[in-house]
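Common to both upcoming complexes is chain A, partnered first by chain B, then by chain C.
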Partner chain A sequence: MRIDNASQAAAAGSLLHVPPRRTAARRLWRFLRGRHWTFRTGIVILVALVVTLILAPWIVPHDPAVQNLIARLSPPSAEHWLGTDHLGRDLLSRLLVGGRFTVTIAMITVILSFAIGTLIGVVAGRVVGGLFDEITMRVVDVLISIPDVVVAIFLVAIFGPGYLTLIASLTVIGWTPFARLARGLTLAINSQGYIQAAEVLGCSRSFIVLRHVIPNIIRPIAAVSFLRFGHKLITVGALSFLGLGVQPPAADWALMLADAQPYVERLPILMIAPGLAIFVAALSVTWIGHGLEIESRDGGSGDE
Partner chain B sequence: MLARLLQRLLILGLMLLGVSLIAFLVPFVSGGDPVRTILMSRVRDLAVDPAAVEAMRVHLGLDRPLPVQYGTWLWQALQGDLGYSFTSGRPVASEIGRALGVSVTLALTALGIAAAVAIPLGTLAATRPGGTVDSATTLMIQTFVATPEYWLAPMGILVFALYLGWLPSAGWTSWSSLVLPAMVLSLRPMAYFTQVTRATMMDVLQAPYITAARSRGLSMRQTVMRHGLRNGSLPVVTFFALWLAGLLGGSVVIEVIFAIPGMGRLLYEAVVNRDVPMLQGGFVSIVALSILINTIADILYVALNPAVRSGHAH
Partner chain C sequence: MNKRDEPLLVIEDLKVAFPGQSAPVIDGLSLTLDRGEVLALVGESGSGKSMTALSLMRLLPSGGAITGGRIRFDGEDVLSLPDRQMNRLRGGRMAMLFQQPQAMLDPTSRVSAQIAEPLRLHRGLGRRAAMGRVLDLLRDVGIPDPAVRARCFSHELSGGMAQRVMMAAALSGDPDMLIADEPTTALDVTVQAQILRLIDEERRKRNLATLLITHDLAVVAALADRVAVMYAGRIVEEGPAKAVLESPQHPYTQALMRCSLLVPDPHGQLLSIPGSGTHARELTCGCRFHPRCSAASQHGLVSRCMRSEPALKPDADGHVTRCWAVETEKETAA
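Then we have the complex of A and B:
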């Protein structure tokens, strides 16, 4: 019902020719105001991070791939703000572009897991007790217990590292928590009046799922997506750290961490900086996810 | 309930069969002739006589149709014969057995630390929701979840092994080599255990029997000790088992960093050395164990929880 109001309000807004920019800014402000500080900080960090990663190739002070063996392992200076690594490459530049692979892979994995898991979970919840429900949920019961790192390592061993292998191997297990959650949430609203009304009115199954079920369960699932996103960032990083993810010439945070290991005593910043980058990225999405979780649990009290 | 259990076991069996089939097919899909793969790792020279390759093929039974080969492989695997490692030449099954012992020790220590901190902390946070302890706990959970262990571990080595010299930096020799990896490994489960304990305790503390105990004059502390903890620790048991399953193979990075000869490192080295029998055996046993432990945990949860057993919770 709330969704109808929102869309009507949006339609009315466009009729009255309200300047869209101000409205968007105000709506953003109203959205952020009253939220927990961790949620707001998380959003700010994530937006800054995504913008930085997109713009990285144009704003890096040095070419992240250019080696300078004379100036290797140099401490922070005016020329190299964070110093240089064991091959004399500028640390700051590598840091700026180093999140692109990990964040992209983690993001695609989460979006795919979200889409597949939610769809399967909702359908299972609508036909609860049926053959589809029984089979998919028992499959979920079993798959959910397999460590995704193990599956990823196994598939990388066979097919070699690459975007496709990593995304596929993490999605194979990744969809299961979404399916379980979506099914549970669907079961909870199956008995609601508006669903029964839609059924009585003869709405088609897909219409009920798309128009009523999914919009009403999307918030808790979105919260979980952000929490899983943080988890996936760390998992993808772990694979790169082991040399099974992003491959060497490219700059990657976890790979930089692995490379820095022998030089950590001499220049600790080589390890502190990329680790901090992964940590901050994972923390920001965890904060956002947690904020959304509280909101969906409290019934969206801070809503417009 | 029994029907559901049987279904679960049926799917479990089918799933394991599928996993074993995938593992069996590794040498056939990873490119090239499996006989040559085996020869390369043993002889380290590809200039062998084609006739000798064919003789080897017959000797290994690789000239037979695939389903027959799979049947033989599966039958041997079920009897504990997973073949021989390409690199060490020792039986895969005994290598896995040894690695498993190491991983279980590491996982149990880490989970023990996690539970020892999480249960009191989660309970404390639940007794005063929104209070200082609760807020600090939430922040701690988020921090621990977001910390990459492959960052924390080298930093820990840097501080405790290189600067302070209190603990060994790597290896698996004495109890002191267990401390650092177990601590690093315990943070993530600690965060989740705390979260689960807190959520469960918040529910439990709303229950009528808690109000009854409080109104009988028991202090909050006594109430929590006598009634709360017993009812609130059940989900933690399930989570403990889930994490045990996850850490058996999922602690790869920690085992590699600290040079611990556990399951994760076994799998990692199998990949690096292209040790096909080890990869197959390691993958199948980790997956089979994870699934089994998880299934047992689910059955235990149902058996211990009367509400779920009679179907009220769903």
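Then we have the complex of A and C:
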């Protein structure tokens, strides 16, 4: 019996490799290395962008709101690196400050939509066929067909422009794609063995949702949330362009685009600079989402 | 509440049905299982073995429902327990092993976390205390280097190792009954014996009532005290393992024995039972096995087997059989 046990243990041991312990930093490094290049590039751009926007009030060369009508529409110079706009305000300073509103709104909206949508979708998917599932999914069907810009215009007309109005109007519609996706993924997970195993071990429903369902569906949802982030950036920009977002004299990329319209031929940089800023911001999050999605499609093999 | 003279688990006339299917999946099944005893449930795929196990846990796949009968576990009526108490029973007093151990482990959480779940849910242990118990359990189920293994994810384990982890999780709630649903079917032959030995060791150590579901008669011969043979949702033969394996009465059991490699065919051929059992449940009258049965024609009983279904008839030492041929044979002998 003794020999038996020893040989059994040896046989069992030789069947597998023992993975070495890894520190959190090493695991992060491995995770990043396993991603598609778009993910890494996107992360670098986004981090640079967010840091710039956070530090913007302290690093701007000029006050972005101060007008200098004598020096209006001046081309790039040593004093004004990107030139000045039609009211003589420093373009670079306005560019550095101008993304704060849009990015903040988009970020909060996506996080709220992600949390609300995932939770509702998972619960609907776990009680599939039930009344809650039926009702929420029909609500999603209706809401998803309404463009969020229309809701935003409607709410801004009632409550006036501002952070809260915009976040609320974008979230009211924004959670629906997340709920639909989360429900679909949960349905696929429901039939997995480990859910059955958890039930057999006597885990409660909420425990199974929090510990087994959500961790297994979070990756694809995270990928989609980055894609939605890019979409929200552009939506918020569109609202500002229409005059429903940031109010002058505060700087905003989309508002700068709108203001630059009459002067495109005289000073194209007035339009190119904020346009590029919006483009790069939206591109970075889309790339992150894309990179995550590629990896999560083949089961996250790039992860350890 | 506790009836001391009653076996730990008593199933009486259990019926399970799925809506949209004309015939019940389990039709009038009665079984008992006592502490320390190993009862093997044998039968081909679709005979209702796994559904029996899931009924005990009240975890039938969605749509399935228990339409009749009673299940008593340690004197408690399982079918009428409220959900909260049922959850305490699952994992706390009844545990289960599955066919695909790797699929049963959550790919996103560590081995230790999954074994710790029942400890924290049913034993109310804190994180620290639970981790200590996890290492003990991993050692108990024969996992080398438990401290390293505890930090693994499921894809870092082999099949046999994963089944040992499942065993540790099953044992962590300190159950009275273990249901093993084809625990070795998906494993290498060399690993199968190790897992079976592990189940047997733990059964002895903890006096576990063990319901062993399998279609492998070699596994039955190695472990079981009693055997129940299922066909098309009902029991066709039941008795002490030795008696059933050495002198199978029911033509279906005999055919199973011939098909298994335990008893080599003198002509060196691989045998099978002609036909399939998938539609046997839908037969409205007669013995469910009669379309595939060789004994029916041999004994000139075809019309009787087609018309009415035989009952489970006992012989001297608690060996029961559901077959007209066996019954008439006994009558003529007496």
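Simple rule for what comes next: the second predicted complex is superposed on the first by the 274 of 304 C-alpha atoms of A that agree within 3 Å, B and C clash if a C-alpha of one lies under 4 Å from a C-alpha of the other, contacts with A are read in each partner's own complex, and residues count from 1 in each chain.
As a convention for this text, contacts are C-beta pairs under 8 Å (C-beta built on N, C-alpha and C of every residue); 3 or more make two chains touch, one makes a residue touch a chain.
Not measured: the values here are computed from a predicted model.
Using the contact criterion defined above for the overlaid structures, shared-chain residue A:Ser204 touches chain C, although it does not reach chain B.
Of the two partner chains, neither chain B nor chain C is touched by A:Ile54.
Of the two partner chains placed by the overlay, only chain B lies in contact with A:Gly230; chain C stays clear of it.
Contacts of A:Thr38 after superposition on the shared chain: chain B is touched, whereas chain C is not. Legend: residue contacts after superposition of the two complexes on their common chain; A:Leu283 is shown touching chain B, with no touch to chain C. Once the two structures are overlaid, the count of chain A residues touched is higher for B than for its counterpart among chain B and chain C.
Within the superposed three-chain model, A:His212 lies in touch with chain C and out of touch with chain B [touch as defined at top]. Once chain A of one complex is fitted onto chain A of the other, the partner contacts of A:Ala157 are limited to chain B, with no touch recorded for chain C.
In the superposed model, A:Phe241 makes contact with chain B only, not with chain C.
When the two structures are aligned on the shared chain, A:Glu265 is found in touch with chain B, with no touch to chain C.
Overlap of the chain B and chain C interfaces on chain A: none, as no residue is touched by both.
Those residues of chain B whose C-beta lies close enough to touch chain A in the complex are 7-8, 10-12, 15, 26, 29-30, 138-139, 142-143, 145-152, 154-155, 158, 162, 242, 245-246, 248-250, 252-253, 256, 267-268, 270-272, 274, 279, 283, 286-287, 290-291, 293-295, 298. Put simply, chain A touches chain C in their complex at residues 5, 8-9, 11-13, 15-16, 18-19, 21, 128-129, 192-194, 196-204, 207, 211-212, 215-216. Those residues of chain C whose C-beta lies close enough to touch chain A in the complex are 57, 59, 62, 87-92, 95-96, 98, 100, 103-109, 113-114, 117-118, 121-122, 142-145, 148, 151-152, 154, 156-158, 160-161, 166, 169-170, 173, 190, 194. Per the touch definition, chain A reaches chain B in the complex via residues 38, 134-135, 138-139, 141-147, 149-150, 153-154, 156-158, 227, 230-231, 234, 237-238, 241-244, 254, 257-258, 260-261, 264-265, 268, 271-272, 274-276, 278-279, 282-283, 286-287, 290.
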